[in-house]
Every structure is written in structure tokens, then in C-alpha cells.
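Take a look at the structure below.
For reference, chains read A, B and C in written order, and residue numbers begin at 1 within each chain.
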């Protein structure tokens, strides 16, 4: 198969292992929680962020006989590594443990998800890496889980969903970032919601297409919050990766944000340089979806607006159906940038990939 | 550049400022505790009149949440978009490397070296004990 | 040599005035509650005196995200004769309308208008009063200032009543919403308002701010004013998406929407994202007969203020070109602090033709005024 962009050797920074159902997590729960799952009939934590049968959720040819995709490691590596050429793939599990309200249940189920990823995925293929799913319901539990999983260096990032109860920059969450910085784990923010609020700031949309568009709004708020609250001032070693955010929304957002900062700076004086500079230093974005115009010249121009070669990270977003065919890299990305996007930027972002 | 008298010393008490038109250019003169500074009145961002802005202190932080307020009255904020300029240097706080308000040299001329001009004639008689604020522009 | 206390003259003022009459799509005149008294019934006047307005943010006066300057206004806009910024027509003429050669300005009053007020009937009473006030105390004395139809948008029945009252009166430019509505703008509950606007031949103007009663972002409440003002565009993205995807423009093909003070750099990326997902999931929205970006292109206008300031100025021109040079409306936002000076705000490299379109041509095509 000849593709326009040869991806071999790349690091795929956003791949989704699908938990088939709660039964898969049972081996990783203790007696009480196993009993709880059975007794209370907790069968599934799938969320409507990706309705199971919606086109975006998975390409038809990638679905198994149960209609789910990416449920086992071999299936994923066959596609992402063997077929598409990635040398390494980073797994971001989006199973809906973040939506639970009980802190203790959330902690137990989150541990189970991370252990499932470890045993059923990382242990099965040396090309796989993963993010630590973090139970945001309780900051102490979140730190504990980071400490527990960070011992295994195949965990390369911590993972939270884009729509939270409070913006991610808020100070009571900072012990989580302290732990992440300590272990040199980037904070991965992935499209999705804990459903603490309506998915738009003006309520619940009627259509899924609107829902999916609402994630970029959350990313804007999160970038603003992390910068304004001073997370990067306090944790200069912290990197943030915006996963499945869309990319082309960022430059226009930074213009507005930086413009206002110049006049309102004294409200947040620890933001000691332009937000655009801080974001270019600390924040990275995966390239699927790219939210691009059809026109290749336009894509190139949109990338120029980012004013950075270092920000973009290769990702297929498998099994989400973001593109047709085998071209995992959006058309129009300049050839000169490819190696950076495919290999160098991910390597620079994820320290633990070096071993 | 020529020297222009803009005010009598007593006209600009400490902590106040005065707007002057010199050769079609508006200049704002500040008295910071007895020291005089002058800036081009036109904000280099989008042209607001600095004279009409707020004179305030320097706001810094040694960490998130720790507001440090110093040098009261030594910063002028444009009345429009709020850009902050150090009155002493013209340096802007949001982009010190690239943006500054244009400074003018200000001196206090003792009365004997006064430059004669209509100002003197229009106001109080000249006295050699009076000091005048002179701007080079 | 003199001591001058007037504001400095803009270079080239006379030349520019002669060439282009500026159409300013966003001016905020300030009336007081007392000014509205003649147009309020005793019932609602007394109510206001006793219980006051209740905006969904909780304060009697002021805001939980306090503004960076008093009344969010330019510090030099307080009239020398006293009163609040933009309350003195003569000073507004001197400092803004005459200074810049504003040929026509659209008033978007922000308070007291009752928009977003918890009580629908009070909101409607204040909307009526604000509209009367705009006509009597502003437009009649200064015909350059055109009115907006302030409406109690959370109650469509009462809003329609107010629109019908004003229909055909060409002193009104558009029907005014604030952007933080309690539901997404495309929701059917607002459709009767769009029907009435179209029936009256009026565009809808959506101006940022208001209080939806929901957290300010879809991930909760930010801490800072700088976050609030930066993130207005995010909520407009949601409402614009809603208007398009709900099929409002299929139902009302003549509806035109002006987005005011929301910035505009986000428009192309939103169109691209919606198109991408519509191509994949068209079956969800069979009522849409065109790509979302086509509806965006055909039914929306954007105001220039606050003008985008990219690190490389050419990038702003890219955005303007992608949006469409015929879609961009000049606005000053007088008297607010993030005001755009008409002579200095537009990218200097714009051609004369584009500049004229933005200053007035596009607004004249959109708004049918006396």
C-alpha cells in the first residue's frame, strides 16, 4: 500500500482501547467491588460522548461482531502499527469512570481500568504505552493513583476528560499536577465530558453533531484556566497535551486571550508573558481530527497561524472515524513538518518514551 | 529638539500630571515625588490619551495568588485598553521588549536660565526664584 | 506655547471624514432607571423600587467577575459635566460621533433593559421602556443613532409582542439578544422570535454578555474576568452551531444574524469542524440541505470589535478573507474600555474597497434604515 505520507517509525499519540463491558474489569476489582457490580447490576460505563453505533465512534469495517471496535490489543496493533506504520501507540481509555459521583467507587473502577490496560494491553505488545486514567472525583485518590501507576514506565501520561466540574486550572486540583510534574508525566486532556454540566455553556444541544463540536469550547476554557490560574508558573515542568481537540481553533483563541491579557494583566500578574508564548512552550495537540478546510493551501496557512513547529503530535485517533482510507495524516501538512509531527515532537513531549 | 517650558514648578505638585501641546504633539508630564518625567501622550497600542488614564502602582506576583503591589503612582494605564507603562522609562509591562511609550527628557530650569516666551508673559511675572518645568521636544 | 487639556486630534481626520461615513454597529448609550420612568407602569416602577432587578448572577449592582475598569468603560468617557459614560449625548457627539464622522450608529443598550431578568413580565416592561427611551431621548435628538428592539428573549410570546409593536419602524436596526441565553439559540422556544424578526424585516443582533444562569463555561465556573471576556466566543460557537444544526435557516431562509463583540477569528475553524462532522453524520440531520459552513457564510455577520490582534497581522487578513469581506461590520463598542478607534483599529494594509465595505458598505446592505 502506497500512501502519500509514510508514517513508519511514528508515535501514534491517541488510540482508544474499548472496554467491552464491566465483566472485563472484574478480575481487577476486589471482592467487595466485584460483588457490588453484580448486586447492583452495573453492566456498562459507556458514555454518550461516543454513542456506540454512531459513525464517528468507529469505522464500520473496524467493528467486531458485537458492533464494538478496538476491544483487544492485537486488533489495535494490527491496524495502528502493522498497517499504518506506527512504532509506538499511546492508549487513552475513555471508559466512563469519570462520570461516577461516588469517590470510592470511582477510585476502585479507575484502578480497575488502569490495571486492565496494563494486563490486557501493555503486557501483550511492547509497542503499546498508555495514559493513567485519573479519578478527578477526589484529589487524594487521584494523586494515589498516579503514584501507583507511575512505577510502571509504560504509563507515559495522565489522562482527564475535557469537561470537568471545575476548570482544570483551579488550585485545589494542583496536587495532581505536582504529582504529574514529579513523575514527568504530561497532563493529557481528552475530548469528553464528566457530565457535571450541560455540554455547552448555554445548555444541552439537540443533535450529536453539536455535542461533538462542543469539545473545542471546553478546550478553550481549559487552556485559559491553566494559564490564568498559574499552573505553568507553579509547575514549569508540566506539559499538557490536548487530545482530539481539533487544532484549528487554537490560533484565533490565543489572539483574543493574549490581547486581553495585555490590558488586564494585573488581574493575573503571575502570567508573566503572553499566553500565546506560554501555550507554545507547554501545550501540544494531536492532529486528528484536524478540522481542516478542504483546500491544502488553507491547511498550510492554518498551520502557519500556530507559529510553532513543535506543537503538533501525530495521532490516528483509532478507532474513531476521523478520515477515510489510509491517509492518517491530513492532506496539506507541509512535508518539512512531517518528521517533527510523526516522531520528534512526540518524543520531546513524552519523556518516558525514551525508556 | 528644542526646549519648551510647559509649566511652573508649582503647577504640577507631586503625584499629579499635566498635558501639554508642543509642536502639534501632546505630551504628558508627571511629577513623581519631585522627579519629573514626560511621555508622548499617545498610547503606542491604539492611540488612547495616557493623560486620561489611571496612575497606579506596579502589580507583580512571586507566585500564583500572591499579589505584590509596589511603586504606587509610578505606572500609567491607558484609559482605553489598560496597557501599563512605567512612567520613569516608558516601558510597557505587557511587552517590554517591543513596546514603550515615547519618553521625553524633562528638566527643571532655574528661573535665571528661563527661555523667554508667551507663557511668561501670560501668567505671573517672572521671578528669579521661581523654577520652571522645561521639556525638550 | 500652550497648556492644552483637550484630547489630541487624530491626524488626517478631515480627510478621512470626507471620504467615508462610518457605520458603527455597536454603541452603548446609558440611560438610568429614572429615564425609563415615563414608559413604565406604576406596577413595575413600584416593583423595581422595592424588589429591583434580579439578574441571574446574584448581585444588586456590579458583577461576580468585576470589570477591569469602572462600568467597563474608557476612563476618558466620563462626561465632564457629570453622569455616567455615554449618558451625555453632547459629550458622545464630541468624543465619538462627530470626532470620527459616524454617519450612523446602532445603539445596543445593555442596562437597564431587563434582558435576562428572572421575571418575564418585568423583563417585557423594561424592554418596552428601553425601546421608547431609545426613540425619544436618543434617536429623536440625534437621528444618527438608530435603535435596537430590546426584547424579553426568555419569553418568546412577550418578545414577539414587542417586535410586532416596532415592526415597520425604520428607526430600529435589529432585534437584540444578549449572548448568554438560558438555552441554545437554535432551540425551538426561540423560533417565534426569529419568525417575528423575519416578518418585520429585521436582522437579529446577538451581543455578548448577559447571564444564562448556567456555569460560564461547559467545564464549570472560571475564576477571573480575563477568562470571562476571553471565553465569550466559546458560547457564541455553541449558539451559532445550534442555529445552524437545528435547521433555523431552513425554516427561516431570510433570517440574518449579526454577532457583536464576539470576535471573529473562531468562525472559519467552527465551519470546518461542523462540515467535517456533517459529512460523516449527515443522516442525523436530514433537514439540513447544505453544509453547515454554507449556512454560516450566508446568514451570519460579524462585528470587528474587539479587533483581533495576531502576532503577525497578515493572519487576521486570512481570517477576514475566509469569512468573507462582505460579512464584516465595523463596530466601536463606545464607551467601553476595549473600544476600537475607527481610524486605528482596522489592519492598515486593507485596500480602500475593503475598508469602505467594512466601515459602511456591509452594514448598509444588512440594515434597512431611514
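Keep in mind that, in the parts below, a residue touches a chain if its C-beta (ideal position, glycine included) is under 8 Å from a C-beta of that chain, and two chains touch if they have at least 3 such contacts.
What you are looking at is a predicted structure, and each value in this text was computed from that prediction instead of being measured.
A comparison of the B-C and A-B interfaces places the larger number of contacting C-beta pairs at B-C. The greatest centre-to-centre gap from chain A, using C-alpha centroids, is found for B.
Chain B and chain C have Cα centroids separated by 37 Å.
With centres taken as mean Cα positions, chain B sits 52 Å from chain A.
The residues of chain B that reach two or more other chains are 81-82, listed in rising order. Annotation for chain C: residues touching 2 or more other chains are 68, 337-338.
Multi-chain contact residues, meaning those touching two or more other chains, occur in chain A at positions 229, 261, 263-264. Residues 54-56, 162-170, 193, 196-210, 212-214, 216-218, 220-222, 224-225, 228-229, 246, 248-249, 251-253, 255-261, 263-264, 267-268, 276, 289, 291-293, 298, 301-302, 304-305, 307, 321 of chain A touch chain C in their complex. Across the interface of their complex, chain B is touched by residues 1-5, 7-8, 10, 68-69, 74-76, 337-341, 343-345 of chain C. Interface residues of chain B facing chain C in the complex, by the touch rule stated above, are 4-7, 18-22, 25-26, 41-42, 46-49, 52-54, 79-82, 117-119.
Listed in rising order, the residues of chain B touching chain A in the complex are 45, 59-61, 63-68, 78, 81-84, 93-95. For chain A in complex with chain B, the touching residues are 171, 229-231, 233-234, 261-266, 269-270, 272, 274.
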